[in-house]
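Two complexes come next, and they have one chain in common, subunit A, joined by subunit B in the first and subunit C in the second.
And now, the complex of A and B:
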């Protein structure tokens, strides 16, 4: 019972954050709402027994990605002060219809499909994750590290003042 | 079965996050807002991976490993995207996607 109350609270927090992150006109408030939404997702990860991922979500998403976005907004003052001009209703309505149709389709697909089920008991530990990263999934792991390196070098190169 | 212990409730949340992200992607013209919507979509994908990890996989580390890959790729994407946005802002003093259309010819 208690679990359900907390769960629905977290879900409401997540969806509220996501909605505010796309609907508010000021992009700075969007970034703050994104932090709220990401925190909700981190709480959902705890419900799914993945504590390490919840910590990673808070450290990497909130601590690095959102802060980088907020820095970029604050470094360019016009972005911070300017609230966007209200855009035409037609485009918002069209995007809303497309997103609603997408959600309806996904909802129908969810109801129709029976997913394979396995027991929820198992080894969720950081130990198992580390062992899998360095044995079975070592090739994707190395590829991701290379991608990160190239991305950081590319970003430095692009943002350099000529 | 309580809602916190069923796969379909997590898939529903993830579908809602994805749809909200697509709505933001289509309706906003500000590049930073588009980047934020992309983050929402990536989050819905990793939520799906972790939900299936708990309820449908035997190896309980595999889904978490893929969610870690998604987080790493999102970090790379944001890092490149923000530097491109800063470059565009320096060049045009605007980050509206409608004003960056040189490639259209």
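And now, the complex of A and C:
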């Protein structure tokens, strides 16, 4: 009973955050709404009994990525900018089509994957993820670290050229 | 459902009560420690040894007017102090006070508390941005830039301990220190943890975000009354929580002879808090670039080497 109330509250919060992130006209508010949405997703992970993923969602997505976005906004726009960018119909349409395609692709992939039923109690994601990253999934893991390395070097190169 | 709701409310009330008393005590302690170091006497007149001085100050702060800057973003301006303070309350969930005496013994353990501090960074950003003041904005940007750089050595330094205990659970971390405290096995990690948690709490010598001489007061320049007090309550609660986590990770947590576990945890925690205050009143403030190079060129390499050596030694012991 109480669980259900909290669960639907969290779902509503996540959807509200996602909606505000794309609909508000002030770019700083968009970033904050994104934080709200990501926090909702982290709460949903707790409902799935995966505290580790919830904590990582907060540390990585709120603590690093959202903060990087907010930094970029603060450095590039004047404080409390009141002027709002005019709505561009073509842009809206374009992003809607891309988002629909992405959603369709993800939905297909979700349907095709067979999900192993969780047979054990408690949170085993920490050990399972650790083992998988160094055995079965080592290639994607290394590929991602290579991408990150390239991104760091690119950022250094951009920052060096004055 | 009803008993569960009742315990949640009870725990919440106890935590809020403890946080308020703790902040009042720490402010008094800070003033007494600083007075002793500067050969002054500090507050001694109100109550025994001046203990009630901070209560008087708190009453004054509550009765003060809440100023709202006219050009500020009203909603975010009011939200920011709550966002800085509220997540820290949730961190009390994981503090173990004795055998089985922990509200939630999460599998992720202390990582939960570190994740929550990330939400306070967003609160600091909002405070700086919504005040619509240059000083507040600069202070907020410095604070967050500093916090996210020091988060890396903070998390890396705990990994050595986690490798030794083979768990992130607070109860198992305490149990693993039954024979010897981790501060003796991981002295480097303890130093890195202490430095990084000082920087995370924006304490001197890492208090660039609130450098009075150049930034007035940092991200809370425009705040007054109880909203200002909430930032301070948050700062002192953060110091307490990071010290309590340090006591649990490196000093054996609640374990100790004769006295109950909660008392031992408090003794160890306040001992670390005393060291933190001692450092604040002894060292001068660092410059911004020194701060960043210290994190990236000293703390992070040492933390990585520490994790590496711990892992290698553990593997060699198995052979």
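The definition used in the following text is that the second predicted complex is superposed on the first by the 115 of 162 C-alpha atoms of A that agree within 3 Å, B and C clash if a C-alpha of one lies under 4 Å from a C-alpha of the other, contacts with A are read in each partner's own complex, and residues count from 1 in each chain.
What we mean here is this: contacts are C-beta pairs under 8 Å (C-beta built on N, C-alpha and C of every residue); 3 or more make two chains touch, one makes a residue touch a chain.
Keep in mind the model is a prediction, meaning the values are calculated, not measured.
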*Return the chain, subunit B or subunit C, that is in touch with more residues of subunit A.*
B
*Could you say whether A:34 touches subunit B, subunit C, both of them, or neither, answering first, second, both or neither?*
first
*asked:* With both complexes overlaid on chain A, does A:64 touch subunit B (first), subunit C (second), both or neither?
replied: both
*Based on the superposed arrangement, let me know which partner A:52 touches: subunit B (first), subunit C (second), both, or neither?*
both
*Regarding the shared-chain residue A:103, is it in contact with subunit B (first), subunit C (second), both, or neither?*
first
*What part of subunit A is shared between its subunit B contacts and its subunit C contacts?*
52, 64, 79, 122-123
*Please name which positions on subunit A make contact with subunit C in the complex.*
1-2, 28, 32, 35, 39, 51-52, 54-55, 58-59, 62-64, 66-67, 70-71, 74, 79-80, 122-123, 126
*Touching subunit B in the complex: which residues of subunit A?*
3-4, 6-8, 11, 14-15, 18-19, 21-23, 27, 30-31, 34, 37-38, 41, 44-45, 47-50, 52-53, 56-57, 60-61, 64-65, 68-69, 72-73, 75-76, 78-79, 84, 87, 91-92, 94-96, 98-100, 102-103, 106-107, 110, 115-118, 120, 122-124, 128-129, 131-133, 136-137, 140-141, 144, 147-148, 151-152, 154-156, 158-159
_Sites on subunit B touched by subunit A in the complex_ = 2-5, 7-8, 10-13, 15-24, 26-30, 32-33, 35-37, 39-40, 43, 46-47, 50-62, 64-65, 67-69, 71-80, 82-87, 89, 93, 95
*subunit A-touching residues of subunit C, taken from the complex the two chains share*: 1, 4-5, 71, 73, 76, 106-108, 111-112, 114-116, 118-119, 121-122, 125-126, 129-130, 132, 134, 137, 141, 144-145, 148, 151, 168
